[in-house]
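Letters A, B, C, D, E and F mark the chains in the order given here, with residues in each chain numbered from 1 onward.
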């Protein structure tokens, strides 16, 4: 059997069978960082209304994106998400927005792809809404922060602050 | 008027009116980098069949993702894409895959969001197919490389090799 | 905590966590009224084939619309619907069609949004199919009729015949 | 030929052929009214943050809903929308929110269904976000306000203030 | 260059660039045959209401399916369909339903995949609605009947009655 | 009650209520045959890379298509698929590709429509990728091979090799 759970030797790609797995409460937390650059970042923080609109749009897009995960990622299982929560923190020195998404479910497979898709779509939405100010925005450091409830136990990035900056 | 073209002062968010813009041939090129780490990267390059399956899956997911852009990003205009092309280069020292997407259209708005969505969904697909080997995969450096055909002229990252590593 | 379950104080919008809620059999019934006006209404009832086609199209669109609820309404949970049923009654005096949708599920959240979306999409479909005859069609009085099976007990409009006409 | 443009006598339903129609700039404006009742209405206007979040969510959902029109309404043509704009006005006496959507395109068919779908989905989103406070919310008076640019000339509701209340 | 227009040698799959192609009016006609077997076929023709409901459902599903083509078939271009028309003929000797779909557009690529998707989804819908009566239903002979308006000229099945029965 | 489980006498179409059915592990296997003709078939088998790309694309499209079943087929219940697996066998004498799809779930309704949709979408994808070589490709013999786990017991095509060739 292949190390790649979605691959089946010479049989090609497959959606792996999760019938035998037990449904449990599962959580995944993912993160991304959007480097806006100084112009777009300052425009954002200097306009309270704009900031609210951009971040609320990104929140909603991320939540709706999480619900689309099983349709965007070919081999992902469709999952009934129990909750999605996105939060933002602004770094005035790096001119960046860090997005954190937490996804919960009760299912027989995990939700890390849902959390990663949530931060990706939220990041693209911020990019889209700020691109009239700068074309040099970069989305970086999309990664899993932690994961709980699966049969393989919990996973957590040990020293996230030591990760190389995006 | 707001600097943010999607925002309308106290009126909130809007899809900006592109009726007056002239349809032209437009191209956008975007990139992303997926850091697999040594285990997943070596598993990939040591198994020619797996490598083909993973990269073809990412290519298809990226192409299909580009077609979903107007549905994922709340304020994006729906666009008829004329072509999407994704290519991959593997960096054996950084244990990374760099994805480049080129999108063409004939429309009155650009396709940078389509190119960025293509590389994002392709990156998430690689992540999904390699996550049984490593949970520390990171997707970084999602950015626009170049853009042609719009009313504001062309845009190109000047020294992309000098960009900070994702 | 906010009175608005989808809002999280200064944290913005969220999909509320339903992990702790117990899955139960749940039903919701919703209604809408489409005022066609005399021309479109008479055209409809005088042509048995047209009437059948319009109402069957509205039924199917309402059923399919119910299945899309979680994708249309940003903060709705995705739900596996167990059944959807739409019925129509024609009022020859008001030149109107009343649509009733009943949705069932076994889930840890209710299906009122699914029932309301079903009648809304069915109403829009009737509008679309009759709009070549009249542009003054109005869709009104979209509301919940009853709801059963949730943790807060049942809900039922007490005197629906006393409700103001849409 | 049937008076119902989508019906084809005994041949059933069809998407009508618009090949011979000339593409023109077209606009449609539609409206809906959401009666929240006093509790939900007061909760909304007394919490500036909540009000912003609810209305921004409804705006985004309406914009995204407009883009889904061709997929929700079975016989609608797919259309490339050039802009969507939703605005809200709050009536403190009726405890209601009036939603107005304006949609533009350059196409060979009109966008009234897109405008009507936008206000419907925005209304359902407000309902969803306020339903924890009241179950007696009603969505009413969904109708076309005006339409311009089609081959049949313009249409406008003559005395909208004389329309019966939803 | 590969004989397969969607393949790019060792570069993998791509959506081919149609930017240089001229938009023209294009039509495609496709067909499928659903063998119901005697039980399901007789149940269908002996119940006028059921027959109407099944065929109208299949018509609507085929029309809506045609609009989904660009999302279902990975390398298809998104296309604005100008019309879709499905008709049915029942063969009482073969216990079969023949479905014919005609799709029109004005675009720089053809609509054969849209017509083929329309008959496929309509066939699956008939299958679904009759499967409680028989599990031996077969869908066969899905093929292109004719194609007009492309740069390669017209195509038409020469002697369709001589084609082997599905 | 109608023999057609989705029909409700004069009440029209409905999604049947599966609330009372017990969730069980369920499997369905479906098949289709794509007759490519000699030119397209030989082009495929003589180009190992092309063959891999076409079959992998069809596999992914079939898997993603299976996940779309509840949205394409109007009266299908949405289902959480536990696995999808597609395999291909090439017949050098008939110049055909036989596709087999196996779908698993744990649900209170079966997955035959999911398996049939998987082979249909995979077949259409092969058609699309080979249509530049031949316009006479035919998709045939889409049928259920076996079904297990439902309340009516198992079903299996008794002598599949005696079935008429598509």
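Note that in this section contacts are C-beta pairs under 8 Å (C-beta built on N, C-alpha and C of every residue); 3 or more make two chains touch, one makes a residue touch a chain.
Keep in mind the model is a prediction, meaning the values are calculated, not measured.
Engineer: Report which interface contains more C-beta contacts, comparing C-D against C-F.
Structural biologist: Looking at C-D and C-F side by side, C-D shows more C-beta contacts.
Engineer: Counting shared numbers against all numbers at the contact of chain E and chain F, is it over half, same, or under half, different?
Structural biologist: Same, since most residue numbers here occur in both copies.
Engineer: For chain A versus chain F, what separation do you get between their C-alpha means, in angstrom?
Structural biologist: That gives a centre separation of 32 Å.
Engineer: Need the CA-centroid distance for the pair chain A / chain E, whole Å please.
Structural biologist: Chain centroid spacing, chain A to chain E, equals 38 Å.
Engineer: For chain F, which residues are shared contacts with two or more other chains?
Structural biologist: Residues 12-13, 53, 56-57, 60-61, 64, 68, 74-75, 80 of chain F touch two or more partner chains.
Engineer: On the basis of the stated criterion, which chains touch which? Give every pair.
Structural biologist: A-B, A-C, A-D, A-F, B-D, B-E, B-F, C-D, C-E, C-F, D-E, E-F
Engineer: Per the contact definition, I'd like the list of chain C residues that touch chain F in the complex.
Structural biologist: 25, 55-56, 59-60, 63-64, 67-68, 80-87, 104-106
Engineer: Which bits of chain A are touching chain F when the two form their complex?
Structural biologist: Per the stated touch rule, the residues are 8, 11-19, 70-71, 74-75, 77-80, 108.
Engineer: Can you tell me which positions in chain A touch chain B when the two form their complex?
Structural biologist: 2-7, 9-10, 12-13, 43, 47, 49-50, 53-54, 57, 60-61, 64-65, 68, 72-76, 112-113, 116-117, 120-121, 123-125, 127-133, 135-144, 147, 155, 157, 163-166
Engineer: Quick check on the complex: what are the chain D residues that touch chain A?
Structural biologist: 52-53, 56-57, 60-61, 64
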